[in-house]
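What follows is a set of structures for review.
Okay, so chain A shows up in both of these, paired with chain B first and chain C after.
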Partner chain A sequence: MITVNKHQYKPVLTIHQKDRIWGMLFVIPSFFALVLLVIYPMLNGFYVSLFNTNLVSRNTYVGLKYYGQLFTKPEFGNTLFTSLKFTVLVVCGHFLVGGLFASLLNKPFPGRSFFRMILVLPWVIPEVSIGLVWKWIFNPVYGIINYYLLQWKVISEPVAWLSNPATAFPIVVFISIWKGFPLIMLLISAGLQTISQDILEAGIIDGANRMQSVVYIYIPSLKPVILSAIILDTLWWFKHFTLVWMTTAGGPESATNLVSIDIYKTAFEYFQYGQAAARSVVVFAICLIISIIQRGGLREKKG
Partner chain B sequence: MKRRAKINLAGKYLVLSVASLLILLPVLWMVSTSFKNTPEIMNGKITWIPQEITFEAYLRLFQDYPFADYYKSTLIISAATVLIAMAFAILSGYGITRFRFPGRGAYLTFVLVTQMFPSIMLLIPFYKLMKTFHLNDTYTGMILVYVSHTIPFCTWLMKGYMESIPTSLDESAMIDGYSRIRILIKIICPLAMPGIAATAIYSLIQTWNEFMFASILINKETLKTLPVGIGQLNGYYRIQYNDLMAACIISSLPVVVIYVFMQKYFIAGLTAGAVKE
Partner chain C sequence: MKKFVCFVLAFALVCTLLSFAGAESEEKVVIRILSSQQTENPEGSIEKSISDAYTALHPNVTFEYISAKSNEYIKKLQAMGTAGDMADMFQNSSNNLPTTVDLDLCFDLTGLFDAAYLDGLQPQMREEASYGGELLFMPTQSLPMALLYRDDWFQEEGLQPPETWDDFIACAQALTKDTDGDGVIDRYGFAMIATKDSSAGTRFLPILRSFGCREVYFEDGKWKTEVGSDAFKLACQTFADLDVKYHVVQPGSIETSYSEAANLLVANKAAMMITGSNALGTIYAQNPDLKGKLATCAIPAYTTHTSRLGTLGYSIYKGSEKKDVCADYLRFFLEENNALKWTEISYRVPVRTEYYGNLILQEKDMKGFVDGIESAYAWPQFLGIAKTYEIIGSVYQALITGSMDIDTASEQARVAMEELIESYE
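Showing the complex of A and B:
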């Protein structure tokens, strides 16, 4: 997990000079693995983005043409906007729901571990399965949502939830919140556990009410956890693919066309590998910018 | 005061029960659908308990579709990925927390940045490189891909957990004449067990459930993983929802069972490893 601290952990074991070499020896395997499996493919992706290529026969150098097109044509801008909207809603949902349940489960009470086990289930069940069960639930003809809504006379005729742009997007956001809140809940719970009881009691003795202890004790103590969780969650869901691919595949009318889906289709349905690679380089740049802004912004508030 | 506490507790149970219901209902609906026969799904009535409980959907998965193969390859790929990623993460976690060496800070930043790479960015290069190195349609290729996905986060979790183990233990072991490797294996690893378990569960869930890369990088039917196999069922013109839900259940079951049994370790490991000031 990302640690954000001014007092970096300092190892004290420097008895021998050769410790330096030992330290490097332990780290070198994963360093090489990351260079080979992440850095090298990434540079290769940038290289592909400069070509009009189908990766087999066609291979024409086009330079930065695809990057220029991204800014002149509106489609990719719309995709980015949809993704940002999606990410903001989903991450806010995760923190609202996850924070609520983390605080409810913080203190021991009968049934606590039972409820926690159930609440974590969505995170454990594969995305493919979750996407498909919701698709089945929202099925226009045989789905249970339509069945009950018709029976309770909320709607007068079956609704094609996932083929209507107005309903598909909110449903996809809902499913993504449903799937992802448990991890945030666990991280916030973990953070809550580290707040020492002494500080809370000292606050009560000083006459702090509930609201004040939330503002002056809980939130500052949780800041490091919340900061890393927000950054990770944003990056995870900005590039999200599977749930949306399973339920709507980016449709209807690109209402749920997230960046990953757009790139996937450009590459593997339209075989425009260069163009798709250029888009993914842009997505990487955006991810980097988002995390820098978030870190800067949240650190400043810390004062 | 006592009365108020009771009302609070009742409210807590109410909220938690509603939330649990919202989570369990889709899961139960999945289970219920998987035990129905096809006419019962299509008759337009909603029956939570099937009128006639049948295992035919499950049987079809193994007779008409190669789900045994999907299971096998998912198992091989996930197990190998978890083992390799854990070995890398334990070694580098130990190195980072126990030694000072040139490039230590740079390495930490490096791991952090690799964690931010959107996986979609690596999809096209991997697709191309797998062909170049003849690794497409092999277990090795998929294992390499997933190792690259899991190493950064696993390293962070391991580093976080190992920081909580005091270095004085290493020092006294060194005075007793233990070698570095022996200290890691005999002293640090046993103490870091909750952290190791949490990291392993995390990487297992990530790998077992991955869909996007597997759907592009594997073409051979017998090598496909469970998520890809399920995705195919979803792609047919006429979707058989009972088969689909049965497939969803058999692919979820192993990870859910492992999680339920290991959740104590997982939460303990996450608490110590992820939450570092």
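Showing the complex of A and C:
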């Protein structure tokens, strides 16, 4: 008589284990892409920062020398401070202008779609084109700003707006706010449209005035959107390069010398790749810290 | 009859075999050239016409251009070097030579050309193309620096070309005018480029030398600097004073690039500009009416007249397997009719002294550039030259914006230069 072991047909893997294996198999391509495109360049960047190198024929190990220089010389600290100042002003500007337009566009009025389209235009135009256009607008000899100010007798002689540290930095901030506010406007608009009309009506029934509605209904409802937008916007503009490079190239003197411009010049104009890599690693660490702090804030609010 | 047929067939067979052998000896050769001139007009078409003419003579040799804009050129070269995908030949210059040496890309051309041929090169240009006794690029043209001025306006005002910086300031003051009487200056004596990049640096360093100050020099086996000296302070102060004291330059000199400065001459808004000879091509292309109205003279002197040669040419990549063909092409490139195409169309100065009798080079708009060759100094083969522009540029910018006095700015620049030299040792 043939006996059958009741455990003989027990599958080798449980359904749960099979799912995990399949899951891992599906993750493998993304994992390799992540390693190849993100992890490896980051590690290689750190590795390069330990060398005095031109990436081809010169490769002298210098250890942490370049990191030491960053913290003992004031230049890098100054560019970091300029970048932080730039980022805070630009992000605040985005939220002020973007929030204002979002609240206006949230109300129905004739031509609302048209205005929404017009207001989104700065975000759609490439940064290089915007940089060049604004540079020409502020050109001291041919620029339209000086032309009208002279015509209206506001100024008696042409002003070199981008050659003066006192005006160049605010102008660069202004252009960056103009370029980036539509993204924040769209995000806040989308957030506003998710606020239930019932809650707003309930607030009115409970006697909330306009200010109370803003403080107790709109802002709490928009918090997740606002915090996500702050993280994205802060990181994006802290690393920003194109607009400032096109308009002032970091000048006059060092008035608009952002950390991204400093790294670009160090790597691709002075060919000091090790020093540039060390700066990039420090900037990465700063971005990571900003991100962690802001994510912590987001999680706390959600909790 | 059979013998005859056999003979004819055998003859045909031999002819066929020979033709195959011939085809083998005419092996196809593709020369890859990395060039920034391909992105420029008319330089790109001149360069292409010369390589096309070579292909017409040698049908088995064709050329493939890899183009990169001049401000992106060295980055492209670096990227190709890093990727191990170098072209057989690449454009080089006295300004870029230290970087290409650092990258170890250039083949020593001395063995590819006989000594008599190389002796025909203008000696200072040959020196600028050499490093450590090796000829690392074949100079093909140069862009000597001189003072370009509106001769017609000089004559109207009864001015002579300036010999000294005091003369220069006097001329600039006489030529700065409100031409339409609206109370606003609309014509400037000098189109000043005071950025902190190579565009301004390659113009300011010869000015510095004219005051007797060397930004960097090689002595006793190491690099040294005279930045911070009294001559340095005087040069920077004089340059900045053109803007802040004499008001003879256009507003916004700190943000004026080469093309914007050239446009001021094109638009009849500036009378003088320190520039290389190629500016003539740029200016005439946009305003042909200026032909006959421009002239050139030496950069004014404080202690001495000086100029920068701005030698350009081609290097052969040391890893190329087609070095002989490249060398033959370079010889063809420097034949008289090809070399003078650059002068006639693009206002470049040839590198072979036997062509200097050409009439174009004797005209008043080119003469100052050609005469400047004698007073030119060898461009420092210092790897940190780009950072040098930035350091020195910070000084005159600080004086123009008024953020620092000359002593403070100069001392900061001296310390920065010494640190720079140390970082490249």
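What we mean here is this: the second predicted complex is superposed on the first by the 263 of 303 C-alpha atoms of A that agree within 3 Å, B and C clash if a C-alpha of one lies under 4 Å from a C-alpha of the other, contacts with A are read in each partner's own complex, and residues count from 1 in each chain.
The definition used in the following text is that a residue touches a chain if its C-beta (ideal position, glycine included) is under 8 Å from a C-beta of that chain, and two chains touch if they have at least 3 such contacts.
What you see is a predicted model; the values in this text were computed from it and never measured.
Visitor: Give one of first, second, both or neither to describe whether A:174 is in contact with chain B, with chain C, with both, or with none.
Guide: neither
Visitor: Scan A:216 for contacts with chain B and chain C and give back first, second, both or neither.
Guide: After superposing on A, A:216 lies clear of both chain B and chain C.
Visitor: Is A:260 in contact with chain B, with chain C, with both, or with neither (first, second, both, neither)?
Guide: first
Visitor: Based on the superposed arrangement, let me know which partner A:281 touches: chain B (first), chain C (second), both, or neither?
Guide: first
Visitor: Of the partners chain B and chain C, which touch A:140 in the superposed model: first, second, both, neither?
Guide: second
Visitor: Thinking of the overlay built on chain A, is A:67 touched by chain B (first), by chain C (second), by both, or by neither?
Guide: It touches nothing on chain B or chain C.
Visitor: Give the label of whichever partner, chain B or chain C, reaches more residues of chain A.
Guide: Looking at chain B versus chain C, the one contacting more residues of chain A is B.
Visitor: Contacts for A:150 in the overlay, against chain B (first) and chain C (second): which applies, first, second, both or neither?
Guide: second
Visitor: If you stack the two complexes on chain A, which partner ends up touching A:251: first (chain B), second (chain C), both, or neither?
Guide: In the superposition, A:251 contacts chain C only.
Visitor: For chain A, what residues appear in both contact lists, the one with chain B and the one with chain C?
Guide: Dual-contact residues (chain A): 55, 135, 139, 268.
Visitor: Within their complex, state which residues of chain C touch chain A.
Guide: Residues of chain C touching chain A: 75, 78, 81-82, 99, 102-105, 183-185, 195-197, 250-255, 264, 269, 383-384, 386-387, 390, 394, 397-398, 400-401, 403, 423.
Visitor: Give the list of chain A residues in touch with chain B in this complex.
Guide: 1-3, 5, 8-15, 19-27, 29-31, 33-34, 37-39, 41-42, 44-45, 48, 55, 100-101, 104, 109, 111, 115-130, 132-137, 139, 142, 144, 147-148, 178, 186-187, 189-191, 193-194, 224-225, 228, 232, 235, 238-239, 241-242, 245-246, 259-260, 263-264, 267-268, 273, 276-277, 280-281, 283-284, 287-288, 291
Visitor: For chain B, which residues count as touching chain A in their complex?
Guide: Listed in rising order, the residues of chain B that touch chain A are 9, 12-13, 15-16, 19-20, 22-24, 26-27, 29-30, 33, 41-42, 44, 46, 87-89, 91-92, 94-105, 107, 110-129, 131, 144-145, 147-148, 151-153, 155-157, 160, 163, 167, 170-171, 174, 180, 205, 208-209, 211-212, 216, 226-227, 230-231, 234, 241, 244-245, 248-249, 251-252, 255-256, 259-260, 263, 267, 270-271, 273-277.
Visitor: Can you tell me which positions in chain A touch chain C when the two form their complex?
Guide: Residues in contact with chain C: 54-58, 135, 139-141, 150, 156-165, 248-249, 251-254, 265, 268-272.
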